[in-house]
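Two complexes are shown next, each including subunit A; its partner changes from subunit B in the first to subunit C in the second.
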Partner chain A sequence: MLTLNHELEQSHHHHKHANTSHHVGGHHLMQVENLNISFTMYESDARSYFNAKQVQSNVIHDLCIGVHSGEIVAIVGASGSGKTLLADSLMGHFEPNATVTGSIWFDGDKMDAASLKKLRGHGISLVPQSVNFLDPLIKVGKQVQGFTKSNSIKKCADKVSPKNISNNASSISNSDDANNSDDVSNTGNTNKARRFFKEHRAQRAKLQAKLFERYNLNSNVASLYPFELSGGMARRVLLCCALMDNPKVIIADEPTPGLDLELAKVALADFRQFANDGGGVLLITHDIELALSVADRVAVFYDGTVVEETAVANFANPDLLSHPFSKALWHALPEHDFFAPTGGDALS
Partner chain B sequence: MLRYTLQQLLKFFLLLFAVSVVAFVLVSVSPIDPVQANVGQTAWLNMSEAKRAQLSEYWGANTPVWQRFINWLGAVVQGDLGISLRYNAPVASIIAQRFATSAVLMTLAWTFSGVIGFVLGIVAALHKDRLLDRCVKAYCFVLASTPTFWLALVFLIVFSVLLGWFPLGFSQPVGVSSSEITLFDTIHHAILPALTLSVIGVANIALHTREKCIDILQSEYLRFARSRGESIVSQIRHHCLRNIALPAITLQLASISEIFGGSVLVEQVFSYPGLGQAAVTAGLGGDVALLVAIAILSAALVFAGNLIANLLYGVIDPRIRRSGFTSFSDSVKQGGANASHDI
Partner chain C sequence: MTLDTVAANVSDLETSRLKADLNADLKEAVLEARDLSFGYLNSKKIISDLNLIVRTNERVALLAPSGRGKSTLCKLLAGYLLPNKGSVLLDDKPLPQSGVCLVQMVWQHPEQALDPRMRMRQTLSESGVVSPELIESLGIRQKWLSRYPHELSGGELQRFCLARVLAASPRFIIADEISTMLDALTQAQIWQVLIRECEKRRIGMVFVSHSAMLTKRIATRTFKV
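== the complex of A and B ==
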């Protein structure tokens, strides 16, 4: 592991580091460089439907942001500033009318639309905002297990419970080998495939049970339907969905809607755990107070770009902040309330 | 549960009672003179006055309608549906025979339209706003505005007269003894009328499924499924089908009334001796007993369709199943109200 000297290298890649920021393998877990997103649209103030001209509306320009191993980076920006758009781009969701330029690096590799798509559920996982992101007709346990064939299942199982599952996994591969040597017929192969999927499913079920145990979800929660979950349960279930796929980076878009600061901090403790285990978290929020209390670094999103990406510690003193908008944010915080008494809502 | 069953039973019998009253009243105010309609114009003109009086006694033209209704009701309660004056046979046996013929037709049409409509709807949704979707939509809109009997005539001309693929009419080959009729014959005769019925029925279910499927494809939970790396096949298989199936089945069960209505026209065009054709004959001939029995049977079918749809919701949808019986029976109550409304 290569750790940079943070005292000396306070600033590189346009950003400042926090103590928790690590450069595993000598690079960032995820790095976005000069991202531009604009949409082709019809003029909204055209006099009639027929003579409306096509115009380009630029939503994100020259955006750079990096996520290191071991840290939570919060993106703070006003509503409609393009935060969800950024998350979607990282997941490889592009609208047909969007023009996207720039580069995205994941764990040292340069990505394109196709490779970003491949990372869905295999490296980058999304923690969505609410229980509406779960299929209403499928039991929670099954949904957490998911319907994808993950090749990282074994690695992940090891991580959750080193002894138990890895033993299982090795015994499974042994029996597969034995089967391989004496069974060459076609039916043998389909049987083998069927058995493999069955075992694969059993493993995922086991992993899901482990995750539920770790996040204090009762085992009977698995057989509930999404509409039966309480708010807190739903959030933990959604997190389990992401962890199930053993990601390196978690992107969380407003994961604590409607929670006050104290409850939100509790909810985000699980993200802290994930980051401490070496993962990276990109936390999207419009709540600067929340960002400052749970994140390691904060990226200030303003006017379509990240104007400043800095350690939370630097918010202790406005002189450590370089951009005027970040300074304005500092002044808007409740403990410095001589500018804007509304506190955390300053952005909106 | 007991209360719910009793409620539904009560509703069912009230419905049947209302249907039979309406049928009796309609026949009694109809301007058709059953005697003239049934013996034919020439026979009527050559008939003696005494003979006419005797016949109108036979057709019950002189008995007030309420009295006929009470007589009929008394018999029905004892399990006797009466005699069809037109066919000169017990109503029960005519209905049984006609229903067997119609059931083939309607089951085929109902299944075809359901399956084809469902598949077309999903295909269209997957190709939203592209060529395939436009084709499906155009097809549905054109068909939804096509008169059933006209389409039946076109099919008859094209497939039976010009191409000769299917028989011109009837449910069985003419001049063949019933012991020699095979299952193939039965189906061969039912295909064209069933096709007509289902081609019309497809539009409704296809458009509905398409709409629903597009909603689901844009839903947050499908977006999340994609974010977890699920392929499009997996999305359809695990999420779309499950979520569309229930509304589609409900719609299809509720469309029994439409299939039944359509079968009246289609059977007429294809001279297909089913319930629909019998209903037309009974109506035009003032054969109250038969007409009422057919009305009751169709009402019962539609009622059963709606009831099954509501029960299915309770069984399949966890949001209803798990949230206790009270809200379940409430939703069924609403559905029951719809059922009687449809008829």
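== the complex of A and C ==
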């Protein structure tokens, strides 16, 4: 476990503290240390498929970032710099050709791929960047409620013991775990489970309806399939999925593109509320202005690592930003210069 | 980033405008939505009796709240959907049903617009020869060409979509939230290229963006759906 005396050290783990953040139990809610991810690929200019050499491409290197209870940490950065890879890693999702080193702590415990997977929907919820995360064959209301594999109450109640119910009922991301539930042979138990499950299900349906209303989704949207949604509607449905569960950390990978300002503000207000209630949020976004309006700290990502962690206020003036990429980002904003050097790498 | 480079950049745009004037012999074209009505199967009408005329020297921003029908209108204009009533006309003629369309669309989610089983090199070649200058100015790197879409980030993929569309030599480009998934720097970069190419080659544009500041930068005119 990672412990440090936070009173004595104002700056630790490569970051400074925001006023609102605190360490429950003396540790970070989530801490990533020295994360490295590289991919094994085949040489791109080989003449034939068979004599192509394997090459390693390093995408994330020496990445450190922490989230405290009570705070929103915004990650802004270059597209292609590895933000989604970081989010995927925190969900325990790794591509087969990836080599990963480093450590991830969650709530004081050191994690591995399997334990991170178990946290999906229970400790950590993801708002994914890609709308492809929605199952194309399931109506969105059902998906948000999380009853994807188990349509009949009877079937579930027979199969699921009370301890596993929450497992089965959680969001889309962990439906694969739901299969592993133990059988319950005892009939008394089964009845109890059935009742418990019914209540639980009604509760989730109610919560789903409430969230839809909050996000201005008409009640008939619940019976639409994903392909029938507009871009902004799909985005809102993904948000509802993450807010259904009761996680400690929300990782939001571009939660607002396609939302108009009003709706985006609702989403950010919900994240703020979630953090104020003791949760932690990792907000990955390209919308710098929006991020600045709610975040406690900002980390700037470039080329696979955090190049600068800075106070929100420093984004008021490019001279207060230290890394050339942060400065370039500032100048590129439409409200500033809308300027980018042409061609090649944006910084060369 | 010094003020000088910013100034140099502005004069870049000036030169491209001058070049556009040299291309004055490229004739104007008109894209028109005439009395357009549309509703998806067994749901209510989303667009009714809509009229819109766009010329090749314009960049028109479509404005409406989420779910109103901006993307639907884009798909109608690019011929991906057929109207229930009314028509979409290019120079007074209906859009061709086959062959390369002179109205090309760029989508918000590039991962949905690309064939997941095709390497990027092959995807690019779909619309003929793409000039190396264009690839260069869009910041596409050689090493991306041999990858599959899932091995590239959203911003990387969107550059390919733009290259593909520009290589098809369209008269109009319909751009549906094409830079919402990109960082500010990439956003400025691809819009710079897109605006320059459109002015140089007299391509008209209809676009959607949720950012008021971006719209202000790009649009020559707005249209409420």
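Please note the rule applied: the second predicted complex is superposed on the first by the 199 of 348 C-alpha atoms of A that agree within 3 Å, B and C clash if a C-alpha of one lies under 4 Å from a C-alpha of the other, contacts with A are read in each partner's own complex, and residues count from 1 in each chain.
As a convention for this text, a residue touches a chain if its C-beta (ideal position, glycine included) is under 8 Å from a C-beta of that chain, and two chains touch if they have at least 3 such contacts.
Since the model is a prediction, treat every value here as computed from it, not as a measurement.
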{"item": "Contact breadth on subunit A, by residue count: subunit C or subunit B", "value": "C"}
{"item": "First (subunit B), second (subunit C), both or neither touched by A:V76", "value": "second"}
{"item": "Touched partner set for A:E228, first subunit B, second subunit C, both or neither", "value": "both"}
{"item": "A:N132 touches, of subunit B and subunit C: first, second, both or neither?", "value": "both"}
{"item": "Touching partner for A:G146 - first (subunit B), second (subunit C), both, neither", "value": "first"}
{"item": "Touched partner set for A:P257, first subunit B, second subunit C, both or neither", "value": "second"}
{"item": "Touched partner set for A:M91, first subunit B, second subunit C, both or neither", "value": "first"}
{"item": "Touched partner set for A:R120, first subunit B, second subunit C, both or neither", "value": "first"}
{"item": "Overlap of subunit C and subunit B interfaces on subunit A (superposed complexes)", "value": "130, 132, 228"}
{"item": "Complex contacts: residues of subunit A adjacent to subunit C", "value": "39, 41-42, 44-45, 76-81, 84, 129-132, 216, 228, 230-233, 236, 254, 257-261, 263-264, 286, 288, 318, 325, 327-329, 331-335, 337-346"}
{"item": "Subunit A-touching residues of subunit B, taken from the complex the two chains share", "value": "219-221, 223-230, 234, 238-239, 242-243, 317-319, 322"}
{"item": "Complex interface listing, subunit A residues touching subunit B", "value": "91, 93, 118, 120-122, 125-126, 128, 130, 132-138, 146-148, 225, 227-228, 241, 245"}
{"item": "Subunit C to subunit A touching residues, read off their complex", "value": "1, 5-6, 9, 12, 40, 65-67, 71, 108-109, 111-112, 136-137, 139, 142-143, 145-147, 151-156, 176-177, 180-189, 191-193, 210-214, 216-217"}
